[in-house]
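Listed next: structures, encoded as structure tokens.
Heads up, the next two complexes both have subunit A, just with different partners, subunit B and then subunit C.
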Partner chain A sequence: MQHPYVVARELTKAFDAKPVLHDVSFEVRPGDVIGVLGKNGAGKTTLLELVLGFTPASRGRVEVFGHESYRLPGAAKARVGFVPQQDELVNQLTAGDQLKLIRSFYATWDDALVARLIDVWDIELGERVKNMSVGQRQKLSILLALGHRPDLLILDEPVASLDPLARRHFLEQIVEIAADGNRSVVLSSHIVSDIERLANRIWILKDGRLHWQGDFDDLRDSVVRVHLRIAQPLRAQIPNALTVDLGRSHATAVVHGWSAELEAEIAELTGTTPEVEGLTLEDIFLAMHR
Partner chain B sequence: MRAVLRLIWTYFTATPLTRGLAALGFLCMACGMVGYLYYPPWTLGNGMRNMALWLQAVLTLAPWLGLVLLFFASSLLPAIVERLALGRTILVLPGARVALLVSAVATAALIATLTALTGVFALYYYPTAIKPENVFGRTLLVVFSDISVMYVALWIVGKTRGIWLLIGSLLIALGIFTPLGVIGRPSGVPAVAWVGIAGWLAFALLLLFGSRVKQTFGRSLGGPVRRARRALPRPAYASGAEIDLPLGTTQPWLVALGQALPIVAAALLFRQPIVWLLFLALLSAVAGAITSTAAARSRVLWLRHGWTRAELFRRVETAYWRYNGYPLGVLLLLYVAIGSYLGISTPQLAFGVPLLALGSVASLYLGLTITRGLTWFEAALGIATMGLLILTAVTIGDKAPSRATVIELELALLALTVTYRTLASARWNALDWMACRNGPATRTAG
Partner chain C sequence: MPLHRQLYEQIRRMVASGQLAPGTALPSIRELALTHTINPMTVSKVYARLETEGVLERNRGKPMTVAAQRRAQAPYSVRLASLDLPLENLVLAARQLELDADAVIEALREKWEKSDAAPIRGRARADKGV
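Entry: the complex of A and B
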């Protein structure tokens, strides 16, 4: 088994004595495509910044490629790609000059990949960055992060400004990267459907804690909606319920930790066999935040 | 190394304008150097040998003009360095901070080395009491330090308006003239060199460790800083019309008062009328140049009021006349007061007043012509106007100024001003706010 690219143990980060992340532990293994979900202010960007070593942890430790992230050496940085929430392009340069500038920092650069993406994403190399639309700028930012074929690609809400077609192309590219079992992607986004299509692992941040981390399939198996036909009012609360909607003869609940034992417990409590319905990631996310 | 070279290349070739300036600068330098090497020297006092006076003048000035052009060709260095240094991407680019620092130092060193070489060649061409071999190191040090101050000034000019714009422009003016006064002195490391070295050290520390400090302590320090700011008296909008808010013309007195200090300092430093007048003429142009961002700023006014584009132009024009009246008034008062104190002749005083007024008004209308960002055309007009201002100031500053020449020059400035006003009015009548984005190049031009 390969070593994880990122290992974080009991990470805590506080700003101005105000905690943003509490005791967060996780790993990023080769081949992982991790979708990070959370409400605004949940700590997604802080988490990514800790991984990238932009800021030191108040407590705990993050290691990237075996090095403390806050003191990441150049060789390790060359294996990391990063797309920030707001692009950091130089307005005065053309897209082509910007590419050449960033390319000069890396020993390896996949010209074929870059040329293909320029073609697919319709990036005009002669266009000055300041004259580009927000979406075009974001495409260029993503291109700059992909050009050196990073082993670990970290994207902080990268697709919000892209049109649906560009988003699809971008997601295909991420899938292609992920298909190479040695590479990993950590992607935060508010577009849950994108993460649903892309990620094989999910982190859900809530109130500064990793409320869920694990395989997406496990999450889907774990959080389900159950429909119950009830003849009389429920005598007790439905166990593990995240949400409950009660009708006269019908109750619907979203429960977590679904298992045969839980099913039996609910059946005994309600006197009826629950009907189970799978949920989309968006439904799961909303249920967790109600 | 590849990144350093790419960065240096980018500083000089970021835009068509800087590429043109760089090419022209190198061409001027190369031609001038060839002239210094292969044409017979002109011995001061012994007249010319084998060359016409105009050719002599061109040969003498070409390398120096080339150096100034080269410096301005790299004028986007501060903006590019700032953009890269303050971003977070730099923290994951391998070796980026060191490369950025080395590229900035190397660019300044390149221009300083070329200047020092030019100085040595020039001293062979014009034999003087100063030994050429003693000049190289001293020039290198002084110009290298001086350029650091000039880059800071360019950064200030490109980033800010109002009083900081004036301070930045003042630093550029001082930066251009300072080496001339310092290099010829016999010995010792001049103070400007220490200032420059300290500046580079501070820059290096900030670049290498600044982002870490900011990331580590930024948010923690944010609270106390915010509290301290709240405790300070807040600036209040006390006067002016609504139009002044979007145009940034609410506090003309601040700019007017801000001019007073450098002018008094300049009067004490440069007692020769020619230098002092030149300085004032440049300041008058700077005060007027706030208008270069007016087009972009005026959109909100057009949306808010029922004005046509023509009416909008007239209102904006009036607002800037009102705004520029204060700095120009202070400029004229100080000119007359300090000029009388320094014993400037009456004709010089009389000719200087319209020069300052024309400098301010010409730059005001030149700024208003910039409605589609800064292009070659506006840049050429700006250089021509500045050249005419300098020429007029130099002519007036002469011990016995030719009145006819001065009047001709001032009439030319007046004609230029009227042309700018006509052009600006025509452009504002067809103003396209999609095209007049307020980019850094426009701000720097201002």
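Entry: the complex of A and C
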């Protein structure tokens, strides 16, 4: 098996003694599309910035392509692409000059891909960056991160200002990268349905901790909704319940850690066989935050 | 409904209704992933599952195809299991409406008996899923 592109161990980050991330460990393997979910302030941006080496960890360590991220050599940096939440484009430049500037940093550049995206995204190369709309700036910013065909693409809320068509083109680019099989994407987004489409692994951040991480399939198997037909009011609590809704003749609960054992336990406690329903990622995320 | 399940059900239904005839080539994993903008691994898992169930056939170096004579091969239990999802949906809807199971089963039986007179295939085709 190939070595993971990113390995983070017991990573902690505090700003002015205020901890933002506590003791998080994770890996990004070749071919992974990782969806990062969390409420505002959960620590998503800080986590991504630690991987990118923008800021040193307070404790712990994160390695990217085998090197400590904060001291990443140029050759390894050239394998990383990043789309920040707030773009870092140079206002005074035209889109075309901005493109040339970024292109000059890299030994390889996919001119065909860039030309195609400039075309479908209607990017006016002569226009000054400062005069571009937020959406156009975001497109340019994504394009700049894709041009050198990074092995590791990190995106922090990249689609917030994209119109539906541009977003679709963006999603297609992620699918193309995933289809390569050995390039990886770490995508933080509030648009849970996008993550549901694209990710094979999920990280859920809550209060600066990795509340859940693993294969999306395992998450779907683990957090489910159960329907119980009940003859009399439930006397016992439903074990592992994240949410419970009680009706007159039936109860519904979202439970975590679903297994044959849990099913048997619930069946015994309630005297009925639970019916299981799979959940969307959004349902899972919401249940974890109730 | 989770996406992989939607895709799985869609292909199953299209094969069952004859929209995808035996021998028909399916889109490549990459094509289907792009069409639906979903992770290619999701498509690959759905194809693998349908292959295990005998709905699709893998062909070395060529696109996957709809398996021949699936209807004759699929065991009764597999065909019955393919109704899981619509049945679950029916149960959910009935519960939300606080209907009685016996009444729903009776209504289903009536529909069943009526459908004897009408061609099922045409109806299945109108319901394209997803």
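Following the convention adopted for this analysis, the second predicted complex is superposed on the first by the 290 of 290 C-alpha atoms of A that agree within 3 Å, B and C clash if a C-alpha of one lies under 4 Å from a C-alpha of the other, contacts with A are read in each partner's own complex, and residues count from 1 in each chain.
Everything that follows uses one rule, which is that a residue touches a chain if its C-beta (ideal position, glycine included) is under 8 Å from a C-beta of that chain, and two chains touch if they have at least 3 such contacts.
Being a predicted model, the structure only gives us computed values, none of them experimental.
Three-chain overlay on subunit A, with subunit B and subunit C fitting side by side and no clash.
Judged by the touch definition given at the top, the superposed model places A:V159 against neither subunit B nor subunit C. In the superposed pair of complexes, A:L262 makes contact with neither subunit B nor subunit C. When the shared chain is aligned, no partner comes close enough to touch A:V114: not subunit B, not subunit C.
Subunit B and subunit C, viewed from the C-alpha centre of subunit A in the overlaid structures, lie at an angle of 140 degrees when rounded to the nearest 10.
Once chain A of one complex is fitted onto chain A of the other, the partner contacts of A:R220 are limited to subunit C, with no touch recorded for subunit B. When the two structures are aligned on the shared chain, A:M288 is found in touch with neither subunit B nor subunit C. The minimum CA-CA separation between subunit B and subunit C in the overlaid arrangement is 27 Å, rounded to the whole angstrom. Those residues of subunit C whose C-beta lies close enough to touch subunit A in the complex are 1-3, 5, 29-30, 33-34, 36-42, 45, 88, 91-92, 95, 98. Those residues of subunit A whose C-beta lies close enough to touch subunit C in the complex are 33, 168, 171-172, 175-176, 178-179, 196-200, 217, 220, 227, 248-250, 275, 277-280. Every residue of subunit B that touches subunit A in the complex is listed here, in rising order: 2-3, 5-7, 10, 13-15, 76, 79-80, 83-84, 87-89, 91-96, 99, 215-216, 219-220, 222-223, 437, 439-441.
Residues 15-16, 49, 52-56, 72, 74-75, 77-78, 80-82, 84, 88, 90-93, 97, 100-102, 104-106, 128, 130-131, 144 of subunit A touch subunit B in their complex.
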